[in-house]
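Order as written gives the chain letters A, B and C; numbering starts at 1 within each chain.
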């Protein structure tokens, strides 16, 4: 998932146009984009909003596990034909487990790591098995009482720790939002930096960001070739009944297999 | 505490002038600023030194827990009417607990995290409940056998880790010293970087640094407004007997309350 | 060890010239520099290759613990008169222990921390007691699915974490490779950055890098003086039967002693 484009549930006009810029997935947001007194109305409109999106996978971002809306948001999402749910401000494995229990195995979960506790618990949260995770720089640094800067040094530690924890658990990660959607240069530099750290895609809040994210996080031909070779080596070993397959001098294990499949998926050739 | 200004206990002339630049608190230093053969003399002069400061809260920085002077320094500080004690080179919760046992609940403790062990144990040390903590870049990097640079990349990891650990424990943190007190531009840039990471104030070693620290770490009107609103929501909930209060979509918990009070205190409006 | 210069076991011409540039140690590489179908041939040539190096300490880099070649590589190295073995891609204390069991106490072990798991387990791996460790940026970032950049921000977290974990265990660390060996300016900047973080030396892949590494990581006269004074204080205390010796206001402990000895050794004056 190279790009996940958000629109607020109170903006049916934007939701209906979400697919136009070509994002790999879209998210209808019940959380930050919806004020407290509009939460119930937004939830009630969800089925119509989902139906209005044509094309990519549709996710719903529910309100966070610490809010009064979480359980009912999950119940509303569970009743819809969607790809999955984005769980913001996850702070422990229990948050992933609650969402899984409400949604079942068929729905993909994207866990948001965007608080002091969420970053500190990134390992256990990712081990709880969400299909993806994201790092939320704005909420994280607000939680620390800090400030975002152009260079982003203030989140390098947390952004790197999340990437490492997610890799250890074999969970692909999406990189932080760039708030100023008019500054495409800033978005591209930030996307390149996230790609360098190991992120697989990026949260987008404007259609113009999608094009850049798809380009920066797209798999190169060499990467796809390597992933195919690894899968072929593993399949050939499996056909011979060999459990431990060697590829480029290292054992092929579960996370390596997941990453290889993810690379091929990223290239849009699943 | 936006600024904590230090002067050595062997310099009564500087101690008597500590309050002039308007620091939120001052520290009379028995540690780094006092050579080994002057430690006892400095300790004996402490009461007079404390009496010579007019205005802000007075702290005493004792020698570290691993030194032969620690216990007697604490005993000397306990006999004085001071705001609290700075414990440098804390390396575990036991160091905080020893100081608490010697000083009682009335004294504020500021734990210095400034060694490899201290940074690695920042979580447990802050959970032991000091009223504040600071990150000491010079001692930390000396302990690692490294070197300080102008850009400061060599301490970004440790400086970020301390800020995160302290936030998780609800402990406000003070940022690293800038040794070259003549370079006010360097101090301001470093203070802005520390503020971005989440630090609440800065150790100062020269009066000219105090003015800058007070400005950079001062709470803005918007921050004070938000803190007041959070406290009001919590108090209104408490008056109705509601334990779980929601504010801006998140539950108000202990650390959030402490941070809000800290913000208002920072603005000098407690 | 300021510089550890590598040459592939398939290049006897380069191995024979390894000592010329004056590295503190050299490593004959059975791992990355040798393709899979040449591994056995390279191992068989090892005795002759070791014999062809004149001067510095000789190490053999075996293939990693997760490969089919690891045990036989260790057995081949154990039969040779070498300084020790480099164990790449260590991912847990067991990897160090397997190498120790195969080689005995006489051989020095250098553990490579260069994967997500290796960096996350840097503490336990270093506590298992290798004589040195290194951080491998290329393999680490490849494991995360990221990309190396000129600024190196993408590995600052891991590079710093490894330096801290190694310091806590008293294990000296070697800094990452600079792949473009023609860019001496890039190597020098990278070496200075590693030195600032606390690294004691650098992996080198070309003779021209050795001269720079020896200069950047050499101990200054002041550092050697401080190390000698610390050792003298400790020896004087030991002569009086005093276990706890104080130096510059801190207790002299095991890691401090190892670092002091390392500093003097670095200056080539053991």
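We adopt the following convention: a residue touches a chain if its C-beta (ideal position, glycine included) is under 8 Å from a C-beta of that chain, and two chains touch if they have at least 3 such contacts.
Note that the structure is predicted; figures quoted are calculated from it, not measured.
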Moving only from a chain to one it touches, give the least number of moves from subunit B to subunit C.
1
Angle of the C-alpha superposing rotation, subunit A to subunit C, to the nearest 5 degrees
120
Where the CA atoms of subunit A average out and where those of subunit B average out, how many Å apart are those spots?
38
Quick one: which residues in subunit B touch 2 or more of the other chains?
156-157
Touching subunit B in the complex: which residues of subunit A?
31-32, 36, 63-64, 66-68, 89, 116-117, 119-120, 141, 143-149, 153-154, 156-158
So, in the complex, the side of subunit C touching subunit B is made of residues 156-157, 160-161, 163-164, 167-168, 192-193, 195-200, 246, 249-251, 259, 263
